[in-house]
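Listed after this line are the structures, all set down as structure tokens.
What follows is a pair of complexes built around subunit A, which joins subunit B in one and subunit C in the other.
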Partner chain A sequence: MFQQAPCIICLKPADRVKDVYLHISIKKSEGTWNMLDQTQNEDRNSSTTQLMLTFFKSVSNSPLFIFGVIAVVLSITVPNFLSVRNIVNLLTQSSTIGLMALGMTFVLILGGLDLSIPANMAFSGILGALYMRDIGSPVIAALIMVAVGTAVGCINGFAVAKLKMIPFIVTLSMQAILIGSSIWITKNDSVYNLPDAFGDTILFRMGIVPLPVLVLFVITIITHIVLKLSFFGRWIYYVGINKNAAGVSGIPAETVTFFGYLLSGFFSGLAAIIVTARLNSASASMGSENIVLDIVSSAVVGGVSIYGGVGTALGAVIGVIFITVITNTMNLLHVPYYLTLVIKGLVIISVVGFDSLRSIRRS
Partner chain B sequence: MKKCVLSAVAVLIAAAGVVFAAGQQESAGEAVTEDGLREVTVGLSWNVKDDTLIVAWEDYMVEHSKEYGRENGLDINWIINVADRDPSRQNANIEDMIVQDVDLIITRAEDGATIGSAVRAAKDAGIPIITFDRESKTVKPTAHVGGDGYGMSYEGAKQFAEYLKSIGVQGKVIELHGDMKDQNAIDFHNGWAKAEEEFGQWETIVTIPTEWKPEKYESGLTNALQSYPEANAIYIQSDFAMDAVRAALEKAGKWKKQGEPGKLHIYSNVASTAALPAIQQGYIDVTGVWDAYFHAVKAVEVMVSILNGEEMDGAMFKVPGRVVTPETVDSMEKLYSKDYLNY
Partner chain C sequence: MSESYLKMKGISKHFFGTYVLKNVDLKVGEGEVLALMGANGAGKSTLMNILGGVLEPNEGSITIGGASRTFRSVSDSEKAGIGFIHQELALCPTMTVAENMFINRFPVKGGVIDRRVIREQAKTVLDTLGCKIDVLEIVRNLSAGDKQLVEIARALLTNAKILIFDEPTSSLALEEKSRFFDIIRALQKEQKVIIYITHFLDEIFSICDQVQVLRNGETSGDGILKDYNHHDIVSMMVGDLDIRKEKKISKAADKVLKVDQLSRTGVLDSISFELHRGEILGLWGLMGSGRTEVLRAISGLDPIDAGHISVNFNGSMQKVHPKRVKKWAGMVTENRREDGLFLPLSVASNISSANLMTLLSKNRFTVQKQKEEQAARNQVEALNIKISNLDQTAGTLSGGNQQKVILARWLSKAPPIFFMDEPTRGVDVGAKNEIHNIIKNLSGRGFSLLVVSSEIEEMMELCHRYLVIHSGRIVKELPGEAAKKDLMIWASGAGSEAGSEAGSEAPGNVNLGTEGEAEREK
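Right, the complex of A and B next:
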């Protein structure tokens, strides 16, 4: 049954890939359950049991539930975790990584990788900040950040989609170019003395909720809908599962790949606006290579497969919050920094390992 | 539909847990120990912790705060985090400290500009914040504590001038500069330049920016030794990368002790664990000491004063350094590199 799945997808491009897998998975499990049922005890085949089975199956596929459980445990055990200030702090910290993870989600679902996201964010932020400091308008500066981020995404997309270059090499090289350019432009110094209006606007609070959190919320919903309900979104999944088959089915795989990287750059530009506002400055060090690990691991923790074809925007953002919660909790529990790294690494390896097993099982 | 219902159930369970837990949370209040000491919590935010100097700073601060805090009616607890050279991470770490309602924050900034927003956030939350070692370029903290890079460098260079004079050498110096944007590096340079101008015992023939990266110490010095064969002395702004300097000098056949022919005369700052053996054995002639112990002691004193209500309003505390030579190094006390030589 599993081996037939790619054929079903190719023949029926209107189907939603994940739903196909989910459907197959439940059918298979139900069959196994029914066999056990017949050989052991017929009474257990009651509707209550079936309901519980379905419940636990769904639970295991629901990051929201797992996150809810973790939230309950942490709120009971970790002092200050539940305070409004910490929740707002946590969501604010998640907003920039969240935006970058959304960009990475497009690329990962396509079966690619974008290592240049943090460097792109830093570079875009620096150019916008320089404009703001030396010339003026924060609005134009914000547009510059988004435009530069998107332009870098276009270059990556062109190299990967049209020139058929390997994403790892393209984006790693782009990362080096952007970090080098950032240091060169700024002479390794920070760009500061930015207009107050910029930070005040971007970090404006609606009640207790900072604007970056709202932005992340809205963009996550839009991205989720685009991925799940639009033709473009479906094409991304199809290209991620089997690029050649997608091409044969009439999907413009090159164009879809190009736009995937473009969107990744676009989200880097958006993240640059928020990070620059939060730090009230911009520098090459904003594009720390460690951020790539946070972005990829967040997306993977949230159910985005590094093998392509699987994942959701909502899952990726929940993954971001989960990774931020780990760091935040470790800080609140006063866990030494190096132990935090170990714990974080173990969690990420576990999730990636699980993803790998899931992929093996699926194939 | 079923999934939506299950998700809703999940959210409800989470919400119930949250409400339950909210009832369990205690409001933070001022606590007093059995000895009548006021319990306070201090957050210490490092930009990085990959050097014994930082480990020494932390250990000296925590150790000194026990006794000094007790003498001043305080029982001091520490929350320590590290940002791994990421300014965004450092600001987030400080925000986490603010959430925990610490009584005071001490931070060594990764970036003097970006730390400003964290300083502002702490002050907005009513939490005093001390910048340590590296100053904030944008927002004035409650106080700053650091070494007097200019004074230390000048005093050390003065003694180096006397040493060169005593052996009849007119110096032609290669300067290994740190990060050109780091205020400490600038102070080190200015102190050295002032002594050069005042005593006229040497001429700095080339300045090499190293960005505090050991590989640049090595490659920069190697190139300079080839380009400037007339050089007979080196000024090392921070000797934490002494192994890299040694590698370059060994390649050039110029790694010599005092008294050996062809020796390059060396002045360095810091007296780090990497440089201590070279000082003891006479490879380095004069060193200005970046006194980790006294920096930490001053930070604790300032911290306790603030915690006991003293207003600081951005006061700057610059701790003067000492000067050490191969003759005085073994008898010098409170030298952090001795305490952490085999750390």
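Right, the complex of A and C next:
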């Protein structure tokens, strides 16, 4: 695993990194690239070759390529890595962290931070679980989870956008409030005995694909489109890059910020549904602080800058899968938990360090 | 005064072949206050930076108390007894008054800072200034005037004999000013050598006794202040009577913007004016006069305490909330890097930022790339913005091209009103001309512009009419053909005296209706 460190550093999917990214790949294999360019010239009339080259060039710029390389390496070296069961398991694991990372992506691009996401997920999950255990309909329970998550996001958004409070303090306090309330409501116990219909529906498999994976897939695409193509997404980048300039341009910066946190809460609610279904129970421990590290590091590894204005939804989710793969591989290799933490930490630091070096070199 | 304590002789300074100072002499004696005057870019700051050890002169010598001195650093200058009280107060806001005063020379006792000594010495110095600030107060909690006193005290603590004040009153309230003048007089009695840099004419006559005026890096006049009056000083600052270009004055067209009694406590006082279609209206004033604040208040960037704004909406004037004025107005801000551009983004998305809603596809949600690029391309061509392609990031452009990108942003939205704060700051001469032409062209096409600039030549080149701002108030309305001298006099706050000589009314009683109209008809 350690030998793969250079590959890890290359996993930098933000669009704006492309040039540097390419630069590095060229440096690494200068000979190969020159050769390819020549081939391209000679075989100008051979359309298949050209098509393949174009494809190769465009793919080699994307994080998917590096990710694929790592996957191939892992599949050869790690037993059971490529088994269908492991892949499905891996993606299912990614789905909850993925949804939360998508929420975090909105906030991070806005130049903010939401530390209350996992706590919000646990809290909404508990309220929904209590409802369906004691009162009834799993459908309403799911709606409650989303509504509670969104409401918490609104409170964060109001505090940050309108009251101009510091995101770190607001969401850290919110996390404490939510975890405290969760323990208090549940008396620090799990809420179980949930209706079977809930778990069965949420974890329903289409063929071999579980619903959560499909949900993550669809929502990632939607989020990616919203961020990259819609006016709202554009506003988010504008505000994240330069709030003052956005205000002068007539962009409703406060409202945009508010909606960023709202969406972060909304995604926490969605994640709550899946986590509750997978555990077939809900408890305060679902919102452990470690998850925040996973979410933030996934997003950052995926090219979302914690300084705002940079990153994509697709990148964040690839970051999530990447972090999950590391965890998963460690499990398959029977690496002790503490060592997994150390390795994860090292990987994150090297990726962020690379990012920082790059910006130093630029300025 | 037989021999002056401080003498600077034959000082020249050039940057890359351009002379900023040419053979300037300066002398001040003990117990004298010298007013150092000059328009922006006249060389005042360069001269004082040489004295402060920030810059080294290319030629010339400095003599202090009879001994020749060369300064290679700020600390050299401090050792020679020079204290520089900067315009931008350089204090650490979260530390106490005493800590700030000792910031670079903490007395140490047994390896730790001797707090008792700090407190006592700080108090002694502040007492000599007749000032009752608590030495343990956190600097952030002090008023601007008190902060300045702390700076003065800090300079006195180093036993500074020569004190340089750079625009000391620009951030002070009225009562703070009079206290400050008392302190200057007290320092004068203690035989300090004081150099006082300011734009404000009325101040120098109340506290200075010598004057030296710089223009384009050369001394254009000096001597005993009593020998001059306001007009003489202004003439020395701006040169002899200027040649004004013929300018077509827009006739009283329909109103597009009306500002009524706009006030912001402590900043703006009853600002009222009207802006007409096709007019370039100049808000003229010195730095700190409130000219930028007027623009920011009208466009909803700063809050207001009173007054209202109306805009022409389908032919009738309607009151609007300042925050909504943006719908009718484009704002080119003073500092394009801070609140203008999105530096890491492409030129195309910088241009489209104010206008995104009209560039959507049929689904009303996604931005249509072709529309966006077409809109950007049109502006890039029209304004002659030099870029390699539309994806080039704004941060890589030159100042002039960056400024054009901001203009392009608003031109593609084409609101009826433009607010422009320092539209040509930091751009080269070529781009400056082009921007001037863009502004004139906009006016010709019926757009109305409110322009702020610290360069008087630029204002005179562009404006059809001026509102002169001083201390947050409109003190005078001047017609487009007003002379440079008048503009300077009114802006410097000396308008009342000069005004009565010229036979016009006193500032404060500005009649924006009839008189303004009459002047523009002429």
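Everything that follows uses one rule, which is that the second predicted complex is superposed on the first by the 296 of 363 C-alpha atoms of A that agree within 3 Å, B and C clash if a C-alpha of one lies under 4 Å from a C-alpha of the other, contacts with A are read in each partner's own complex, and residues count from 1 in each chain.
The definition used in the following text is that contacts are C-beta pairs under 8 Å (C-beta built on N, C-alpha and C of every residue); 3 or more make two chains touch, one makes a residue touch a chain.
Computed from a prediction, not measured in an experiment: that's the story for all the values here.
Aligning the shared subunit A places subunit B and subunit C next to each other free of steric conflict.
In the superposition on chain A, contact of A:Ser75 is made with subunit B only, not with subunit C.
Once the two complexes are laid over each other on the shared chain, residue contacts for A:Tyr237 go to subunit C alone; subunit B is not touched. Of the two partner chains placed by the overlay, neither subunit B nor subunit C lies in contact with A:Lys344. Judged by the touch definition given at the top, the superposed model places A:Arg133 against neither subunit B nor subunit C. Once the two complexes are laid over each other on the shared chain, residue contacts for A:Gln93 go to subunit B alone; subunit C is not touched. Once the two structures are superposed, subunit B and subunit C can be ranked by residues of subunit A touched, with B on top.
In the superposition on chain A, contact is made by A:Ser83 with subunit B only, not with subunit C.
When the two structures are aligned on the shared chain, A:Ser283 is found in touch with subunit B, with no touch to subunit C.
Here the smallest spacing between CA atoms of subunit B and those of subunit C, following superposition, is 14 Å. The touching residues of subunit C, when paired with subunit A in their complex, are 299, 301, 326-327, 331, 333, 338-345, 349, 353-354, 356-357, 360, 365-367, 409. Against subunit A, the residues of subunit B that register as touching in their complex are 2-3, 6-7, 9-11, 13-14, 16-18, 20-22, 24-26, 49, 79-82, 84-89, 91-93, 95-101, 110-114, 116-117, 120, 137-138, 179-181, 211.
Across the complex, subunit B is touched by residues 54-55, 58-59, 62, 64-65, 67-69, 71-73, 75-76, 79-80, 82-83, 85-86, 89, 92-93, 96, 187-193, 199, 275, 278-281, 283, 285-286, 288, 290-291, 327-328, 331-332, 334, 336-337 of subunit A.
Within the complex formed with subunit C, the residues of subunit A that make contact are 16, 225, 229-232, 234-235, 237-238, 241-242, 244-251, 309-310.
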